[in-house]
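Shared chain: subunit A. Partners: subunit B in the first complex, subunit C in the second.
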Partner chain A sequence: MKIKQFMKKLWNHPYFFLFPYAFLFFLIILLPTIVSAVLSLTYFNTIERPRFISFKNFVNLFTADNVFLQNAIANTFAYAVIVGSLGYIFSFILAWLLAQVTPKIRTLYTLCIYSPSITGGIMMTIVWKVMFSGDQAGYLNHLLLELGLIKEPIQFLQNPDLLFPIVIVIGLWSSAGLGFLAMLAGLLNVDRSIYEAAYIDGIKNRFQEIFYITIPSMKPQMLFGAVMAIVGAFNVSGIATSLSGGTTPPQYSGWLIMDHALDYGFNRYEMGYASAITVVLFIIVIIFNRISYKLFGSND
Partner chain B sequence: MKKIILFFLTLTFCYFMVSYSTKAESTNSPYYTYTADSNRNLIPTTDAYTPDKQIYTVNGQRFERLEHLFIDKEDYLYITDSKGKTEVIQKDPETGEELINPITGQPLKRIYTGKVIVLDKNLQFVGEIYHDEIVFPKSTFVTNDSIYVVDVTKTSIFIFDRLAFLENQEIILKQMIGKPTHPIFQDEYEDGKRVSTGYPFRPDHIVVDKRGNIYVQGLDSKNGLIMLDSDGYFMTFFGANPLRVPILDRIRSIFLTETQEKKAQEITDKKIIHDIPANLAIDEKGYIYTVTSSISTNPIKKFNVSGRNYFNENMIGDLNMISIWIGQYENIYGLSSNGYIFEYDTSGNLLFLFGGKDYSSNRVGLLMTPVSIAQNSDDLLFVADQSNKLIQTYKPTTFTNMIHQAFKAYYKEGNYEKSRDYWQYILQYNSLFDYAHIGLGDAYMRERNYEAAYREYYYANHYEGISDAYWGMRQQWLKSNLNTVLFIVVILIVLRLFYYLFDKRYGWTNRIKGLINKLRLKVRVIDELLYLFAFLRHPLNGFYEIKRENRSSIKTATIIYLLIGILIALNYRFTNVIFVPKVGVNIAYELLVLALILILWVVANYLVCTVSDGEGSMKNVYIATSYSLSPIIIILPLIILLSNVLTYQEIVFYHFGYLTMLVWCAFLLFFMIKDIHNYSVSKTIRVIFVSFFTMLIIGLFLYVINALGNQMLAVIREIIGEVIYR
Partner chain C sequence: MNTMFNPKKFHKSQIKFHLILIPLALFMSLPIIYIVNDAFKPFTELFHYPPRFFVRKPTFENFRLLYTFSAESGIPMSRYLFNSVFVSIIVVVLTVFISTISAFALSKFKFKGHKVLFKINTYALMFVPIAVSIPRYLILTKLGIFNTYFAHIIPMLAMPVGLFLVKQFMDQVPDELLEAAVMDGASNWQIYAKIMFPLIKSAIVTVAFLAFQQSWMSTEASNIFVDLEALRTLPFYLSTLSQQTGNIVASRGISAAGWLLMFLPNLFIFVFLQSRVMESMANSGIK
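Right after this comes the complex of A and B.
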């Protein structure tokens, strides 16, 4: 009787309903994060047993690792601020434009705009390398030579001063990702009657419409888009290397924190150190997300 | 009595004059010496070189037309005299007997015009190089075993055996290199008629690298230097100056079709300015240096093998630089035909500039038509002066010798400690010599004495250096303190957690909030200042409240303006020197200008808006503008603090902060106008432009009134003066 009662209680307990999601969340997201945080306090080379060294990885990261301090941090920050914010605005404008066209064409356009963010790696080598190729057969070089603006081909992908801007351009190009889809969905879900009411109340143009009605009524999607943009911008890796070829880009131009982590993790097999880098990145992303929650989140 | 006093006065005056002049520069040189400070301004400095000897004659024979000087590694001086004559007694080639003129009975002589005179280290005559083939020798180049003589008329390079000449005065022609056989240099003929002329090969000066390749600087050689291998075969062109095509032609060529362009090309070709190098040199590592007399921004270029220029695009130079010499410390001497001698360090920074034009005053040390410069291993400079027909030598002062020793210690020997000692000694001579401060800073950097390096760079305003030294200081500090910092951060996080827990029970936050609220109710100014945060969170609401509900007062707005002013002053004073230079900034003046612009803006905006249906009053605009500028109060202190722990590596953080502040202010200002005056977006933009235009007009008007007013005041003053004196 007691057992039956207990079972019934358990069966109806809210945590039980939560269990499938909680279990998967723990297994797929929480556990790796915790393992990474723990490993960041150890020396671990994937062969020997991890050896606890407390904060030494972090101390080394902030005192001895010049590549990290001089290139990775500044580059990642610049990349995230430019690509994150511009890409976010860009996504919203694209989504808003798409919301204006008829459904069939909209689907086609959506596919076109969304595809760069999933095919990034392959497109990079095919499209962008040809576009910015350093000889006169590269599209951009050929165009500039034809116009007589330059006298000799520019080494776009080998020049450290040019590589980083190119990385940013490519980042912007592929920034219309999940956030864009969410914003499009949000835009399509705004209640039409609100617009009509607003026009009766004296709204004059589309700009005011966006400003006073569209954005406030799709705040959750805007927040989601912002979070995705930030996480996406900070988590990018490998653009510079795959453009320039080789394991590191010239003079670490366009070298991002994630590149650094991957370099230490899978080229040098210093998993502890790589974990420390990712923990730092994790903290940075959390800080930025909190800022975006402050900006876009609802007040309650 | 009066006379005696006068006498004493004169005496003291004279004494001061004398002591002053001895203090300033105890010099006997007829020119000033300049150096460049970190802002690339020329400033006078201690004498670097003093005129030493003048050589008029060699062997009792005067120079006829000096062309070129060269000093080889063993300090033999080769003087090219293109019109110098040598009389040689003819000998019978078979018997070796002297031939005698059958008519006069005198020995038969042959006169050669154009020769190279060779002096040894002590300027004693060694011999002369002349040859049947040589007509007009222009310059020489000497390697360990060959003497290269360039003949302009014959357009050829003659190679003589050096050792045979120096030991026995034998002139043995080893090789003669004429126009290369490569088709590019040949004229093209068709049916016996010349269709096109070949590329001009008119060698002027040459250098030879270690492998025997010859780099020829030729007259009219538009493609740059002509590189020949040791047998005289053409290899490639090298190190040309970029073409200067007039910008209009460049734009036009975009729009023209191919045929049109071909036609236009003929006209354009004449307009293109070809900068043809005037002289060249090679250093021990094989870098080729060229000097171009038609460029003033970067006359000297340093090329590596692949033809890349290492020198800055705008170095301190002069037009008409015609000769170049590489010293033994990789320092570079340039000579301009205006009589100035430039000394640069190995990266092209100006060390010294001295000398001057001699307008037939015949002062020792000034030059009339200098043509060539060279230096021996005692650092004695030789300059050939064509018009005065003499060779002027300059001796380095102790000051300069010390600098050279410091170079040697730093760059050649890598003995940083030694170079540090030299630089310190140099600074005793001239403590305002930026270059020495930088050198000393570099030496300290190598010793990892970052704080000392920071100090030295700071004296010299060398911002890159300051940044690097600070980087080092910060790393050292982090290395010893990062553990503590991390510990403190962890403790702070834990404390915050505890605060959060206990706050729930005891309600500390609420109590503090209550206190603040009480204060806000009592003192209006504090309430209005704290309103700023609410305003920044909801700016559009804020503008409404300012306009309709009288939420703020002029007093508060003035306080905000004052706060902003103080912060800007602090910005000039305390922001890291590498971001905001502190030299030549007058804070009061800058603030005054900003305040004037602000007043102008408020007035102009008010005036414009009253005539274009704006709703806001002057008071509204004044207050709302202050609140719109308030992001400065929030962000600028953070930037000032943050900038002091940043270096150029993290400049992106500084720029980001600044940009955020500006964008935020601009955003608020825009909506300020829109909401205070109740405009639409397009009208707001229009009003802003009109306001700017009004500001401009008011400024112009004030300027005119100021000028006229001054005139009127002067007139009134003069009238009063007249009245009083009459």
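Right after this comes the complex of A and C.
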């Protein structure tokens, strides 16, 4: 009888409801993060046991790895700043424009704008490869030839100076994701009476309205949107490689931190070194998030 | 009066917004318009010079080729499709269940640590999944589920944004609704199933929507967590299609057809569920 009662209590305890999620959270989010941090201090080739080498991976990373310093880090920063912030600003502007039109047509526009973000970068490369194809049958080359702007087709995807900008364009294209939906929902739910009061108080135009009323009243959604924009800007790899073909893009153009990490992890089996690379990425992501919490978070 | 947010009726002052939105929306949907056209283009039009964007004589040839083409490579397309559908359904059902029960606990019970746990989850929103694919691979291998369906499913199940959205939504449900049931002697599971679950339909739909999008298009597990071809999913197969033939033009129509098949479920889901999703996204703010 005691056991039965105990089981019933356990079965109904809040911790029991929480357990499956907490367990999975530990298994696939927390534990991997810890493993990364630990492995980053080791030499580990997956065959022998990891060997502790202190901060040697990080020292090598920042003193001897030219591709990491000149390409991966620099590109990732450029990509995150451009795609993260511009994508975020575009998302807000698009959401604001959408909030000004009637619901049915808004749904249609929203679908058009949101859909690239569902399809994901890798799938998109199928499209972009043809759009930017290097021969005269590529759509963009053909258009430019027709218009007489160029005489010879441009090797968009093999030219290191052009490949990275194309990677950024693809990133921007698919940046109106969940954060965009959140901001749109936030905009639509700003209390109408606040606007009315503000106009009585002397707000003159729509720009003042946006900065003094709209954004402050949807700060929580702005923060959610910012966090999603940051995650979206760093959760990327393989775009440049699949656009250009081969194992690495020409002159490591568009090569991002995660490309570098996955290359070391799964092509060279230097898992310790690869983990050190991801630890650097974690730190960068946290810094970017701190900034957005400073901008939009409530002060507690 | 200048405030026109969320207008119910058309007014000519809205025309200026349409003038900006129409070209933007068209521009954003270019890749999809392109895919639809390419998927139905016959061989001659795919190779045609000068290239034509729009299809002239639509055919289902590419869809047929997609099917036979993959049959030749040993694993029929139906296998990839089955894997994708199977994995996505399991992920959606389990994610909804796991997120809603834990959100229920965090939202409606004042136990020790409920605030801290939710805060941890909120910080986990900034988690970048791709950064842990190496340790995840090591952990899945250690657990002995490398090369199983579990390797597709388990990494998808803890979705911080899902728990976050459901919990925020549940906070809007007044406690009084639950208290009556507690008085009647209902157990927590009965309250969850009979009262809470029907009240949070929008949040459930949203979690399902997000879980589906994540798993349906994911190639990570097929790339890293399994190496048996028979266990790989459709998006992975489509992404390797151009490399398999070595010739992008030959496989262009076929991948467009496959990609269109992948996109359609997303399209329908968005069209049918978007009003529910928008309703629950209104509670998405991080305070």
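By our rule, the second predicted complex is superposed on the first by the 268 of 300 C-alpha atoms of A that agree within 3 Å, B and C clash if a C-alpha of one lies under 4 Å from a C-alpha of the other, contacts with A are read in each partner's own complex, and residues count from 1 in each chain.
Convention: a residue touches a chain if its C-beta (ideal position, glycine included) is under 8 Å from a C-beta of that chain, and two chains touch if they have at least 3 such contacts.
A quick note: this is a predicted structure, and the numbers were derived from the prediction, not measured.
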item: Room on subunit A for both subunit B and subunit C (clash or fit); value: fit
item: Dominant contact partner of subunit A by residue count, subunit C or subunit B; value: C
item: Touched partner set for A:Ala261, first subunit B, second subunit C, both or neither; value: second
item: Partner chain in contact with A:Tyr195 - subunit B first, subunit C second, else both or neither; value: second
item: Which of subunit B and subunit C A:Lys9 touches, first, second, both or neither; value: neither
item: Geometry of the superposed three-chain model: angle at subunit A (Cα centres of subunit B and subunit C, steps of 10 degrees); value: 140
item: Touched partner set for A:Leu69, first subunit B, second subunit C, both or neither; value: first
item: Partner chain in contact with A:Arg51 - subunit B first, subunit C second, else both or neither; value: neither
item: Subunit B versus subunit C as contact partner of A:Glu209, first or second or both or neither; value: second
item: Smallest distance from any CA atom of subunit C to any CA atom of subunit B, in Å, after fitting; value: 16
item: Contacting residues of subunit B [partner subunit A, same complex]; value: 242, 250, 253-254, 475, 478-479, 482-483, 486, 649-653, 656, 680-681
item: Residue ranges of subunit A touching subunit B (in the complex, touch as defined); value: 55, 58-59, 62-64, 69-70, 73-74, 77-78, 81, 147-149, 151, 204, 207
item: Contact set on subunit C toward subunit A in their complex; value: 1-10, 14, 17-18, 20-21, 24-26, 28-29, 31-32, 34-35, 38, 49-51, 53, 98-99, 101-102, 104-106, 109, 111, 114, 117, 121, 124-139, 154-155, 157-158, 160-161, 163, 187-189, 192, 210, 213, 217, 219, 224, 235, 238-239, 242-243, 248-249, 252, 255-256, 259, 262-263, 266-267, 270-271, 274-275, 277-279, 281-282, 284-287
item: Of subunit A, residues touching subunit C in the complex; value: 8, 11-12, 14-15, 17-18, 20-22, 24-25, 27-29, 31-33, 35-36, 39, 46, 94, 97-103, 105, 107-116, 118-120, 122-131, 133, 136-139, 142, 146, 173, 176, 178, 181-182, 184-190, 192, 195-196, 199, 205-206, 209, 218-221, 223-224, 227-228, 230-231, 234-237, 242, 245, 258, 261-262, 265-266, 271, 274-275, 278, 281-282, 285-286, 289, 296-298
